[in-house]
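Quick heads-up: structures coming right below.
Consider the two complexes below, in which subunit A is the common component and subunit B and subunit C are the respective partners.
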Partner chain A sequence: MSGERDVLVIGFLSRWCAGIAAETAGVNRIKYSPNIVFINLPCVSRLNPSHVVDAFLNGIDGVLIGGCLPPGNCHYKTGNFKAFKRMYLLKKLMAQFGVEPERVKMDWFVTPQYEKIARVADSFVEEIRRLGPVMSRGEA
Partner chain B sequence: MAGGEGEKPRIGVFVCHCGTNIAGVVDVKKVVEEVSKLPGVVHAEDYVYMCSQIGQQKIIDAIREKKLNGVVVAACTPSLHGETFAKAVEHGGLSRHRYEFVSIREYVSWVHWHDRKKATEKAIREIAAAVAKLADNKVYEPIRRAVKKKALVIGGGIAGMTAAVDLANAGIPVVLVEKSPTIGGRMIQLSMTFPTLDCAQCTITPKMAEVANHPNIKLYTLSEVIDVEGHVGNYKVKILQHPRMVDIDECRLCGFCERACPVEVPNEFNRGLGKRKAIYLPFAQAVPSAYVIDAEHCTRCGLCVRACPVDAINLDEKERIIEEEVGSIIVATGFDIYPPENLPEYGYGIYKDVVDALQFEQMIVPSGPTRGRIVRLSDGKPAKTVVFIQCAGSRDVNHLPYCSKICCMYTAKQAMLYKMKVPDGKAYIFYIDVRAAGKGYEEFYKKAQMTPGIHYVRGRVSRVYREPGDDRLTVEGVDTLSGKLVKIKADLVVLAVGIVPRLDPELASKLKIAVDEYGFAQEVHPKLKPVETEVGGVFVAGAVQGPKDISESVAQASAAAAKAMQLLVKDYVEKEPLIAEVDEERCDGCGICASTCPYEAIKIENGKAHVTPILCEGCGMCVSACPVGAMELRNLTDKQITNMVKAIARWP
Partner chain C sequence: MEKPSLAIVPLTCCGACMQSIYEDRELMKTITRYRIIYWPGYAEGELGDAVDAAIIVGVARTRRDYEAAEKMYREAGLVVMYGTCSVYGGIPGLTALVPREELGEDYADTAKPPAVLRQPSVLAPGCPPSASVRKRLAEILEAYLRGEKPDKTVFLGNTESLCRNCPLRPRDPGRIEMPGIKRVYEGVSMDKCFLEQGILCLGPVTSASCNHDCIRMGLPCTGCAGPVPGIDDAGLRYIGAIGSILMVKRERQVMFPGLARELDKIHDPMGLLYKYTLPRAKLTQLALIRRGLAGGGEK
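What follows is the complex of A and B.
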């Protein structure tokens, strides 16, 4: 594979608000880029920053983390806030390792924002296309 | 049971066409061909409707014939058929933990119909991830816990009372929490009810007495729920009870205290039309039937204490916190009227002769502040012309975009009642369109419309003002049927204000129930699960879920009570065992997990972390917080997440 391959993005979603928003986007037939593949988690706070690093090592070009809005209204009380802190630190670390911190994006969704999830997915895939593939896939 | 540790994965993948919903976009044949090559997959097939009896049988047969120890179903969405296939898998002899659902409709075909090739690839990646995860799924026994056979009802209006009495009659103890000093809610403030013109108070007071006297109902007035812990079947609730300062068992309702009290404040029961003392009886039929001291306005002068012949008053009474354990919670906190102060164009708060609908109700009531006479509040003269303005706040993007549903009917009722009291009076009703859907409602509206002296004017009012030297108000509006501007001289203007939910956002977040954009409690499904919330064991009833009249509130309350009963008649609830687990060898007892856990489900004992299974909600927050990797989330381990990511990245 070469740098010409199309980008591949993983979206980790909290299965409550963000997950339901993604599902509702489907029900409403809101199209968005197929370059993003979602993994539903109970809560984005389940996500260890190392999973994100792992994703890049395996050739995933960008990671979107979709938590529930607003902070403090998390299904698990504080999960969205904790996830935010962890990813904030991870992005600082990524810059030090020379990986563009823009490859990680955290956003927040409430259930009725199904159009937003499509919009964010599209703009993020575009952003990752601009940055280009992270490395060739399947070598780590 | 198959799927134990060390066993080689034998996974079957079942791809649904969902008619053309999936197959119209995703190349299902290609998906089956590709996923067959995945490690661990020994069987893959597609079918037009996997959820059908035949489709389910295919899964059951394949489990038995191919000796599968894992099943992946790629179909619509787990919220629709997750349970369907879980049951089929169990029917086939596998644990539901050896099954994964992949959504290739909502997450693929319905959102990527513009790119079939990539949609197909994405479906394959999703399935590959599920197969990779499933290989490490273990089987766990469900966690069982006894159900607390008691219910909490929040709100003592008609909905809350109905739910409480229904449950209590079924033999279930009920804790009823009401914020104000008495139960009765909004309905007790009303004069008559549509479409039968029954006396509201006569209808509701027997219900109030039933609540007061029912051996299975424990009523806490002046109380609010301040804390909720736990989960379905087992909730620990903290109730804060504000001091009443009058002993409800001792009070004889003699009223000496009230006469002695020097403090006068506007009476909230009639929306400030009358006055009450700082020690007062909310209304004659209040339950509990006892006086109450308004702590905010009481000056602690002690005159009432001296006046009371039975020593029922204690000014030093303190608030107290009550703890209750219940299995189910019904939220019936009702509604408020949309603040008429927000509608200055209609003159509310500027002219005394502009009232809101609830104030008008109180003017009709014989025991009300005007003794049942319809008068101008500015000078007490009879109101010979009354203008009703409908949709005051409702169906207006600047106020409430939604229809408040009850205003058309209560305005028709109020106009009719007005005509009964003032036969020579004129009533004008400005409306956008009349919504009278309901049994007997259209007939009732027609009756109002046909009543001589009631004039329906289709159009909106632009402003209400007083011309200099005029003792009446001028209502300026447009009649859209004749296309003419209308000016009416009115003695009284009644605003048919809309309704807003009365659900404290803090209470909603403590209960963890979702609210919609207007603050109404969100039901799980508008049609099939109208009283259920996302939180197990928590139900909603009445206007807190959406605008509703009395009949609908009562129906919903009985529905919520029935749902709570379904839960409370069981001896135990089963809980998903997919919780956090400690690897004691790795754990060094640092306690970061315990401090992270929002449920206090982790304790450090003898230098090791311990998870209390029934408290753990399975969010996984502690897992990613553990610095030594000693914490794992069952069936969503770090290894499984990484394997899913790898599977997505490495295909093809």
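What follows is the complex of A and C.
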């Protein structure tokens, strides 16, 4: 790991559950890895696979997608199903291109699970550290 | 005044685009008004230096391909990209991720459509380009004989998606529901949108530069005319579209495992989504950068 840069991870969160959980984690001063930056979206189904690939091309090493739980209880009724279909296919596609599909992770959160979101963020950053940067320094 | 010279330069290609030029009387009439200095199979000769107009066919895969394309960009005033291979990569472009070591010394690191190497004058996509594209190309070549040259890149393909005028267009294209995923051999009906039957058709992201020939014959679109201009990566956008329409009515019953089972019926997403555009895919670019080769087509 030494000599290489530390990893960078983006978390795309649905603002209705996972986003609020991340807010609450902040309010409750829960510590989580500084390598992850959360971005709130209206819904995770807003995320197109090309956004994820753009993130990789710009030097982001992992993408965490936080949707709402339970699955049938999306604010927009079926947004998390749509996000699941897109990311599932994207992971299959990434594997064919030789890019580790583990770099994209989907997880689901209920509003009060602020401890879970910190835990998931930490473990995901650890996992990405194990995989290493998506491309080496200077090429990003 | 001496006739302007024309070179028709085949790079790595299958030859069907050449056939489509031979068979088009109007286009041949225009082309033969030029002094053809290079066209393997038609005119004898070597690819010289003084060229006024060039038609490039095929993808750049070998080093000689790259050299020939660069030379044409350098010398010719009008550079035409003829066929999907030269614009997007096409079938020979599927070798973009095959390492050079597996192919041989003559090959370059990756396959690139010559359209991305520099700024071409005309893009004529199609596999091979359809009659309407060839007609407009003949007009441009005719105008160039009079000394008129397009000041920026002309896109001869259709700028609308194939679904716009599809003969199987559903009543409400905004509410397509895919019941599941099916293969063509499981039976198709000719009075319903392929997507509504569960057959993966690339119509939504493909330019309508053809005449829906495959659709009329009962085959779904595989994207040979290239993506609709304006979308950055057609394959990834198509994944987005599948997410919006697949099993929308039954999502809550089948839940995530059911959806995953259905999506696992797509065995080869890369082959489905990038059959004709692999060198220009964002993920190809990422994969090539990871191998230490900078850039696999434009961003």
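In this section, the second predicted complex is superposed on the first by the 132 of 140 C-alpha atoms of A that agree within 3 Å, B and C clash if a C-alpha of one lies under 4 Å from a C-alpha of the other, contacts with A are read in each partner's own complex, and residues count from 1 in each chain.
Assume a contact is a pair of C-beta atoms (placed from the backbone, for glycine too) under 8 Å apart; a residue touches a chain by one contact, two chains touch by 3 or more.
Note that the structure is predicted; figures quoted are calculated from it, not measured.
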item: Partner chain(s) touched by A:42 [first = subunit B, second = subunit C, both, neither]; value: first
item: First (subunit B), second (subunit C), both or neither touched by A:54; value: both
item: Which of subunit B and subunit C A:118 touches, first, second, both or neither; value: first
item: Which of subunit B and subunit C A:134 touches, first, second, both or neither; value: second
item: Touched partner set for A:96, first subunit B, second subunit C, both or neither; value: second
item: Which superposed partner A:84 touches (first subunit B, second subunit C, both, neither); value: second
item: Contact breadth on subunit A, by residue count: subunit C or subunit B; value: B
item: Overlap of the subunit B and subunit C footprints on subunit A, listed as residue numbers; value: 45, 48-50, 54, 72, 78, 82, 86
item: Residue numbers on subunit A that touch subunit C, as the complex places them; value: 45, 48-50, 53-54, 56-57, 71-72, 78, 81-86, 88-90, 92-94, 96-99, 134-135, 139
item: Residues of subunit A defined as touching subunit B within the complex; value: 8, 10, 16, 20, 22-23, 25-27, 29-32, 34-35, 37-39, 41-43, 45-51, 54-55, 58-60, 72-73, 75-79, 82, 86, 111-112, 118, 137-138
item: Subunit B to subunit A touching residues, read off their complex; value: 77, 79, 103, 105-108, 110-115, 118-119, 121-122, 125-126, 129, 509, 512, 514, 516-517, 534, 596, 598-599, 617-621, 623-625, 633, 636, 638, 641-642, 644-646, 648-650
item: Complex contact set, residues of subunit C against subunit A; value: 97, 232-233, 235-237, 239-240, 242-244, 246, 248, 251-252, 255-256, 259-260, 263, 266, 268-270, 273, 281-287, 289-290, 294, 299
